[in-house]
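This report concerns only the one structure given below.
Labels for the chains are A, B, C, D and E, by order of writing; each one numbers its residues from 1.
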Amino acid sequence: MIWWIIKRDLLLAMRRRSDVLTTLFFFVIVVSLFPLGVGPEASILRIMASGVVWVAALLASMLSLGRMFSSDYADGTLEQMLLSPVSLSALVMGKAISHWLVTGVPLVLMAPVLGIQYDLPVEALIVLTLSLLLGTPVLSLIGAIGAALTLGLRGGGVLVSILVLPLYIPVLIFGTGAVEASTAGMGFGAHFSILGAFLLVSIVFSPWATAASLRISMG
Amino acid sequence: MIWWIIKRDLLLAMRRRSDVLTTLFFFVIVVSLFPLGVGPEASILRIMASGVVWVAALLASMLSLGRMFSSDYADGTLEQMLLSPVSLSALVMGKAISHWLVTGVPLVLMAPVLGIQYDLPVEALIVLTLSLLLGTPVLSLIGAIGAALTLGLRGGGVLVSILVLPLYIPVLIFGTGAVEASTAGMGFGAHFSILGAFLLVSIVFSPWATAASLRISMG
Amino acid sequence: MTTGPSPIEMLTARNLECIRGEHRLFSNLSFSVNPGELMFVGGPNGSGKTSLLRLLCGLSLPDDGEIYWNGTDIRKLGVDYRDVMTYLGHLGGIKDDLTAIENLRISCALAGCEIDEDQAADALGQIGLAGREMLPARVLSQGQRRRVALARLLVTRTKLWILDEPLTALDVAAVELIKGILEHNLAKGGMVIMTTHQELVMSTVTVHHLVLS
Amino acid sequence: MTTGPSPIEMLTARNLECIRGEHRLFSNLSFSVNPGELMFVGGPNGSGKTSLLRLLCGLSLPDDGEIYWNGTDIRKLGVDYRDVMTYLGHLGGIKDDLTAIENLRISCALAGCEIDEDQAADALGQIGLAGREMLPARVLSQGQRRRVALARLLVTRTKLWILDEPLTALDVAAVELIKGILEHNLAKGGMVIMTTHQELVMSTVTVHHLVLS
Amino acid sequence: MTINWFKYASPASFYFLAGRMIPYFSIAAIIFLIVGLYIAFFSAPTDFQQGEAYRIIFIHVPAAWMSMFLYVVMAFWAGIGLAFNTRLSSMVASAIAPTGAMFTFLALWTGAWWGKPMWGTWWVWDARLTSELILFFLYIGFMSLQAAIDDPRRADKAGAIIALVGVVNIPIIYFSVQWWNTLHQGASVSLIQSPKMATAMLSGMLIMALAVWMYSIVMILIRARLIILERERHTAWVSELKEGVLE
């Protein structure tokens, strides 16, 4: 069943091929904006790199949260999901996975290319990419809760960011922390285990919390 | 007539009081995220400050573009606007003004407070605020064109950023340029006149271009 | 082709053609509607009724043929045409977050006829929403939302009404009410073009039936 | 209060009350629907028909009273109830960007009954959409979209159908079609609860009328 | 009918109970505040390192403690409300949020005020300061979510979920000083170790903490009473109250 949801969401994304590309472009543009705003000194850019990439990934992921449930809500599909004999948590998990596939994966693949622009050393590039690989699914999973809670509320698009950003911050801190630790020549294993722990916890709790939020929002 | 539109949009914004606050909080949160990603050294932060504040303002303004026409489109109000005997450009101007009042003005007011956190000197704070005051209406006006063009396209929320960000970049460059010029002790008058020119040009052309885009999108 | 303003107001369609994808919905469609006349546009689902109405109000362009108002092509008339015409589509243009009164006042203002709070409350009362004027549209029932949209017909001063399935979701009492409103407009010399799948018997006025297939 | 599964399947509502804002829409509403029975829920706009249907399918909770399926509270049944029940609301759950076939297959899969491409095309053909199966729903007419949503009734194997104004936007032929589908389900021992503002004469089956006011 | 009685009786009886308790807690708050302020400004010795500026500690630390404590309490009651559908506990949770946000703001503000003389800057992006800021955002998020929802039942439940999810932040704030090396002071008051500071300072801080605690209780009870009145305005007992029957 979960496959149906993933298949459908990917189908919808593909129907507008621009959809996948656009999140990616957003990410690329935001990352490229900073050198414009800050100035071109390479030393400063190198320090900023991981932070900027991570913040851009976070914003790209957050930006697309609005779409996660709202169109299903507007056209009545969500009602049908709530009435489906299939477990709502499974459906929600499917939606979070396809959200990650559409928004997270392209970012992870693109990150090394952008890192090069900021003159990052190879090891830092690898660590950055891996940290995004571990971190972006957490963003989608946590984001699902926020998206479900703000469903149907006007200004939800921005309200969701208030709810979700504070929860994203720990991911951001450990994600960039890993890169900085590796640049400083220290071990980044601890950061990765914490990111991994975040991922496990959110896999376990987020579908459940999201399903509960959806039932509340639709009640 | 234009007052009716402004009144209506402000009414809609006020109906959910959180709406105005949320754009503001988004702005505050984004500005607060960067030091987390980049690290707390005050010297680096001071260099980044104007860039970060401007980029955040730009993102906050862009994020809310999605809402500018899409709800009017979904519920058929836009159809009625196209059929209205009132000039569409005037209606569009009204919508851009209320967008600015709801998203731009709070950012301008908040900017100095955030600048203090980045340890900016007083003159730089004033220049930053003034540059935002001149620049944010331009963002709303340009944004309106993008929002109109992407209307009804799935993934429009992200597509609009591709269209609009390149046009935002000159504003960003001259906005931050003004702050940097003032920090460097040079005159910032030239930057301000260019921002002013942007504003005039966009006041003249944007409503017209937006109206034309709307007619195309609805055709 | 324009023949200067004719003495009586009328809407004329000449040789309209509408193609959607592979399908030619209709072609060579000509008709005219005179003051006091009602035209029902009938036909099965997907036969092109909505498409025709959108052509007539200028929201989209015909693939062939012309539409005249008083002998002038509506594309040339622009604002002057929009001044005398009211279109109500499938979508009501009702904002969930605004109250019934606010919705009505704003949609009227958009249509170029500003009304004050009392007039709006009055119109809503007439259309059976007394006591619900201050509720946000979000909580209104389907039929009540529809009534809010239709209330505009009570205050508008336009001649030509183009209505796409105005009776959807309305109960029997409301259908009678709308019938009365239409008859009133026709009696004043207005014109109505509408689609509906429900029967609506109007004996006192001139009724045309245009059936697409 | 639960009395163990009774031998015959039936839906029973006891003392339902529904309050919205300041209004008590209904209270002390009790009824039961047995296999092969149809219940029309009637009443003017805003009388609480949609609200009642949403209670019955478990989308919202009654302010008072209980709803039993085979003698067990539907809240306790959860998935078991959703397994035997189909709800179609005002909104069709139709995605603009997907084709009619994709829409049907996905909505069926969601409802727990997976069908393949041929079955879907077949159902769409039966409901009068032959030749439009591969069109994205965006370009379908209002009635055609509605038919895509209703096509689910042809393939679902659930007993209890709860339909909110299923006839909206349908032409006369489609209304007859739907009537046939409902009669078929009832003949098999199914149950139907529906609202409609249009007349629908069903002589061969047991029909209850519940009128809210 | 019996079920109804239970459902509606508990907020009503809480309303009157709270009304009776408020004066006692107010008096306690005032007494603790006077004693605490006396110690803070007159009795406690001037710090040999920090001079007089350190006296901010008597507001800063109690406010910071309270901000975290109230969040946990709020999440607890919200969670109870979600799990057992007890409306009263959800109302209490909503009543706590503004006070919690106020103390978070106070901790941030006094901290910033203190930072200027101590660290030479209003603000640094260190882990504890940042996580306290996140706490502020969590309170704001909770309140704006509830404000954005019209239906109180839905608002309660939605708020509960975000409050519970946000609880993860509390250990992060508390342990931030240990996990990252920061500018901010580590914990000097702990249940396991004996205190490292002067007795007068410690007692002043603890008494101020009690004062702040009592104040919070008073504010929460007052706000909870208002929320109850607002939510129960259609019930018989509130209309009787209005007509003065129960006075």
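The criterion applied here is as follows: contacts are C-beta pairs under 8 Å (C-beta built on N, C-alpha and C of every residue); 3 or more make two chains touch, one makes a residue touch a chain.
Protein names from UniProt, one per chain: A, B = Heme exporter protein B; C, D = Cytochrome c biogenesis ATP-binding export protein CcmA; E = Heme exporter protein C.
All values reported here derive from a predicted model rather than from experimental measurement.
Novice: Go through the assembly and pull out the chains touching subunit A (Heme exporter protein B) as well as subunit E (Heme exporter protein C).
Specialist: Intersection of subunit A (Heme exporter protein B) and subunit E (Heme exporter protein C) contact lists gives B.
Novice: Where centres are the averaged C-alpha coordinates, which chain has the largest centre distance to subunit A (Heme exporter protein B)?
Specialist: C
Novice: Can you check which chain pair, B-E or A-D, has more C-beta pairs in contact?
Specialist: The comparison resolves to A-D.
Novice: Which chain has its C-alpha centre farthest away from the C-alpha centre of subunit E (Heme exporter protein C)?
Specialist: Most remote chain from subunit E (Heme exporter protein C), centroid-wise, comes out as C.
Novice: From the mean C-alpha coordinate of subunit C to that of subunit D, what's the distance rounded to whole Å?
Specialist: 31
Novice: Once you find the CA centre of subunit C and the CA centre of subunit E (Heme exporter protein C), what distance in Å lies between them?
Specialist: 58
Novice: Where the centres are mean C-alpha positions, what is the separation of subunit A (Heme exporter protein B) from subunit D, in Å?
Specialist: 37
Novice: In angstrom, rounded to a whole number, how far apart do the mean CA points of subunit D and subunit E (Heme exporter protein C) lie?
Specialist: Using C-alpha averages as centres, the distance is 49 Å.
Novice: Would you mind listing the residues of subunit E (Heme exporter protein C) that make contact with two or more other chains?
Specialist: If we look for residues of subunit E (Heme exporter protein C) contacting two or more partner chains, we find 130, 137, 140, 144, 148.
Novice: So which bits of subunit B (Heme exporter protein B) are touching at least two other chains?
Specialist: Expected reply: 12, 15-16, 18, 22, 25, 29, 36, 39, 74, 154.
Novice: Among the residues of subunit C, pick out those that touch two or more other chains and give their numbers.
Specialist: In subunit C, the residues touching two or more other chains are 90, 96-97, 136.
Novice: Subunit B (Heme exporter protein B) touches which residues of subunit C in the complex?
Specialist: Within the complex, subunit C touches subunit B (Heme exporter protein B) at residues 57-61, 79, 82-83, 85, 87, 89-98, 102, 106-107, 109-112, 114, 136.
Novice: Within the complex, which stretch of subunit B (Heme exporter protein B) touches subunit E (Heme exporter protein C)?
Specialist: 16-18, 21-22, 25, 29, 32, 35-36, 39-40, 42, 45, 116-117, 119
Novice: For a test of understanding, state which residues of subunit A (Heme exporter protein B) touch subunit D in their complex under the given definition.
Specialist: Those residues of subunit A (Heme exporter protein B) that touch subunit D are 1, 4, 8, 11-12, 15-16, 71, 74-77, 79-87, 91, 218-219.
Novice: Report the residues of subunit A (Heme exporter protein B) in contact with subunit B (Heme exporter protein B) in the complex, numbered from low to high.
Specialist: 12-13, 15-16, 18-19, 22-23, 25-26, 29-30, 33-34, 36-39, 44, 47-48, 50-52, 54-55, 58-59, 63-64, 66-67, 71, 74, 153-155, 157-159, 161-162, 165-166, 169, 172-173, 176, 180
Novice: Mind listing the subunit C positions that touch subunit D in their complex?
Specialist: 20-21, 43-47, 49-50, 90, 128, 132, 135, 139-144, 146-147, 165, 168-175, 197-198
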